[in-house]
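Worksheet for the structure shown next.
Here the chain labels run A, B and C in written order, and each chain numbers its own residues starting at 1.
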Amino acid sequence: MRQMKRMSSIAASNVALLAFLFVTCVAGAEPTGFFSSPTSIFAPASTPAKSIAPLAIFVLVITGIIFSVVFTLLVYAIIKFRGRASDAGREPAQVYGSTQIELAWTIVPVLIVVVLFLATARVIHSVQDAPEPVSAVEVTVIGHQYWWEYRYPKLGIVTANELHIPVSDPAHPTPTFMTLLSADTDHSFWVPELAGKTDLIPNHPNRTWLDPQRTGIFLGQCAQYCGVQHAKMLLRVSVDSTKDFAAWVRAEQQPAVEDSKVAAGRHVFETTACINCHTVNGTPANGRFGPDLTHLMSRATIASGAVENTPENLRLWIQDPNTIKPGCLMPAMKLSDADLDLLVSYMETLR
Amino acid sequence: MSSNVITVSGMQIEERPWLDALQRWLTTVDHKRLGILYIAYGLSFLLVAGVEAVIIRIQLMRPHNNFVSPQVFNRMFTMHSTTMVFFAAMPILFGFSNYLVPLMIGARDMAFPRLNAFSFWLSALGGLLLYFSFIGGSGLYGAGSAPDVGWWAYAPLTARAFSPGHSTDYWTLSVLVSGFGTVGTGINIIATILCMRCPGMTLNRMPLLAWLNLVMAGMVLIAITPLSAAQIMLLVDRYLGGHFFDAQAGGAPVLWMHFFWIFGHPEVYILIIPCFAFMSEIIPVFSRKPIFGYPVMVAATVCIGFISMSVWAHHMFTVGMSSYANSFFTFTTMVIGVPTGIKIFNWLGTMWGGRLQFKVPMLFCIGFLFQFLIAGLTGIMLACAAFGWQLSLSYFVVAHFHYTLVGGVVFAIFAAIYYWYPKMTGRMTSERLGKWHFWLFLIGFHLTFDLMHFPGMLGMPRRIYTYEPGRGWDMFNFLISIGAFIQAIAVLVFVANLVISYFKGDKAGNDPWDAWTLEWSVSSPPPEYNFASIPTVASRRPLWDLKHPEDPDSRYE
Amino acid sequence: MSAIANPFPQASASWRLPDRGKIAMSCLILAESAIFTIFVVAYLFYVGKSLSGPTPRDVLETPIFYTICLLSSSLTIHLAAKLLVRDKVGSFLFLWLLTFALGGLFLYGTGKEWHKLIYVDGLTISTNLFGTTYYSLVGLHAFHVTVGLFMILIVAICALAGRVGVEQAHRVEVLSMYWHFVDVVWVVVFTVVYVVGR
């Protein structure tokens, strides 16, 4: 009787601890929670992530129960069967095993495995084999060392680093389907609140999809080690209302702003090697090694999220990219201060 | 020793005992000496890789930290993991296999003593070659030195285009060379266990340590070699213009992933199975009961050995395999949890109804049980492919595998060292220092690796030299690093214990723990020939039968 | 320790364990099979995927004669080992040298084939996926043949010096296991490269 009481008190305190951890962890995903984070897997805003979160909680609960049971038994055994001084010399009963017990603790885990497997297989299938509606937005994502290229083939847009997609109404979904490619090493697209991650592997196109159900900015970053600046290959997804998305698309489809006031700066741009790597629509620059700069000023950050898009940061970046992202593949062009100022003022006009 | 020294009068022969000792150790083919060489070698690299871990944790203590450059950080995590897996854990575990298997089966040495020595020196060379890269290599952008491609060395990052210089080659060659040494030892272990058991020791009466080493050695033969094959292919790509993993020529980087993980997953079972062996030997002695369910333990281990060859692509859930493939690997990965869980229950069953003695080896075993339970459960979470799409490549995985490798393997290694140190050196370790080591390490371990699960669930990917503030990761990373420092202090206490006890420890007799397997029937340390005459056994616990002639195991088996 | 009588019960006379040489060679064969399996998988994976260059159908000629040589050498080595067990050293030596010759012929055939592929067809290891996987797989096998021939040569030299007799029969048997393995691998490689892959 005392044994039962002791066991249940150990079990109870264990369950309480687990419940506390569980609640703070899951509930704390909200902005005001203790574990608040803009990249929590427990704050899903899009169907793929929303399919995963309940499965995750289900698995956590089951494994939590298993843990409680075994933990309780272990702690109980340690307390109850500890050797005492009065035992000296006497050996306990030498038990070699028990077939019934072995069967029991084989069959129960097998059943748990079956349940978990079926639950998981359903989610795998629903996310991976989801049908693609005609109204889906198509984006081709190309991973580079250390930036993201986004091409919207049906809309004729090429941009970089900040992805804009429309919000999706669950009643009339407008998901975004992405084809994932890579220009060099392996990368991985991970925005936790929108979907699980999918890798970008050269010569191995992948498909994934998002249908965010609220507007806002969603953060993430590359999750597959791709080289020196893997840590700074950040993701910024802007989920826009239908109107805002249409406006963004229209703006992106325009060629680059031509401002005669910065003609000198444009001249610097076009006569330095910049045009070998970068594209600015409507100018001779059509390089594809680096990000498309046609609408650089529409982005909140530069260098794939490494720093905010301010004139000072832009100047620092162009002067020597290695001060912001040491080891990145953009060389310092060794421009004079005067040229640098002109160039920055030109870049500032590329809205 | 020898009593037939020829004395030559009038000659002065200069005695240089240290030189003689050095020569004996360098040319030894005795399994016990080689075992100690492996363990000492592995422990040294454990300390070096531990320093690399501390460097990583200092850099990650706060966002946008500048303790080391990204290039150095990437080398640190590559070297830390490569060293820990290949040059710390494997040598220590093989050292114990080498030392214990012949003694436990009543043999005088391994089946092939010279192959044994050759395998050791080959593996040793591998480790030195890897570290020579700090001086000799030139990495990304010719910026010099150690490999920085991660311990999986994924293609195409390892192609000449993305890893110029020789740093990747140091990784490839050092691991390739030591891999051959590993296969040699695997062959040796199998031949020893199958062909050199003492009379009466049927396979059904072997200590579990011998059984588990047999399974592990079998896995070594078919799991290490795929990595060797893949590394040869990588060298062909890098030096002969081959296209195995060259996307531009139609090659598939995914193929490297498959080959690597066909090695990589069984590899982690190769690491943990000897640790299961330690648990199966130590827990019974300090519970004063035989292992619960010996046949089931053997069957479960053999199952784990086989199933582990079918789960590899759970490391590749994010790579874009079909839903059927993802489901298959989810299933097999969960299935392997069943025999693993059975083993934990059997150890629990061994302790149940026993008279537990909380000596230092037992403390580490108990830590192992709790931690391996948790590690297995987080493994189940990762096995669910869909959940894995969020958790893979994040700090959740880093927490999971450190839970198995530190909470499991390192704790088991500590238990084994404390348990067999008296046999190897003839001295007892200090219980006091051992307990300080245990508690400090336990606190540091849990502070670091319990908390580490949370940044993973909050979106922190792995292998990043810094991170953005405001993602909810800052406080976790800070506390994780503190835990690392505590573990480092604990390890220093451990090293001090080993050294001090060697000189000042109490003399250990043959059998300080009142244990039951054959190694405890010989002196501590054992004589070079192990047994004056080869024993014959009639049960799984020959010394129990000797000590309890009124109630021998042989009556019940 | 030697002063104390053996405390353990007495052994029965029928304690027999497997032979360690054969066990060790079987383990080595298992490990090597795993390496070859990976190269075969790579070969099969890349069949038909080369983006350019000569295809197997264009350039491969089935090496029937040299295959017969290699497979016959398995027969001769088997007979040689059998003869040595019966201490027929002279006949053993003849068959042993014949094995070496047949193996050597096989290597010569491979060399001839490679010479044609490189200089006439322009297929090298860096030409395309077929080249890479072909030379790696066949080359790995040829390397194992070379190592086997080297070991056979050592035994041959010892035999010619009169040092090989029935006491060495066991070691010769273990070596012949390796040689049989090399032949079985060739059967697999042959099927994959010259039959399936075309």
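Here is the rule we use: contacts are C-beta pairs under 8 Å (C-beta built on N, C-alpha and C of every residue); 3 or more make two chains touch, one makes a residue touch a chain.
Because the structure is predicted, anything quoted here is derived from the model rather than measured.
What chain lies farthest away from subunit C once each centre is taken as the mean of the Cα atoms?
A
Quick check: more C-beta contact pairs at A-B or at B-C?
Spelling it out, more C-beta pairs touch across A-B than across the other pair.
What whole-number Å value describes the gap between the mean CA coordinates of subunit A and subunit C?
A distance of 50 Å separates the two centres.
State, to the nearest whole Å, the distance from the C-alpha centre of subunit B to the C-alpha centre of subunit C.
Comparing mean C-alpha positions, subunit C is 33 Å from subunit B.
Two or more other chains in contact with one residue: find those residues in subunit B.
In subunit B, residues 250-252 touch at least two other chains, as defined above.
Along subunit C, where are the residues that touch subunit B in the complex?
Within the complex, subunit C touches subunit B at residues 1-2, 4, 6-12, 15, 17-20, 23-24, 27-28, 30-32, 34-35, 37-39, 42, 45-46, 49-51, 124-126, 128-129, 132-133, 136, 140.
Help me check something: in the complex, which residues belonging to subunit B touch subunit A?
On the subunit B side, the touching residues are 69-71, 74, 140-141, 143, 148-150, 154, 156-157, 161-162, 247, 250-254, 287-290, 292-296, 318-320, 322-323, 326-327, 330-331, 334-335, 337-338, 341-342, 344-346, 348-349, 351-358, 366, 369-370, 373-374, 377-378, 380-381, 384-394, 454, 457-468, 470-473, 548, 551, 553, 556.
Of all residues in subunit B, which touch subunit C in the complex?
111-112, 183, 186-188, 190-192, 194-200, 221-226, 228-230, 232-233, 236-237, 240-244, 249-252, 255, 259, 262, 521-523, 527, 532-538, 542, 546
Within their complex, state which residues of subunit A touch subunit B.
25, 29, 35-42, 48-49, 51-52, 55-56, 59-60, 63, 66-67, 70-71, 73-74, 77-78, 81-84, 87, 90-98, 101-102, 105-106, 109-110, 113, 116-117, 119-121, 123-125, 127-129, 145, 180, 184-186, 188, 190, 192, 195-199, 201-204, 206-207, 219-232, 234, 305, 326-327
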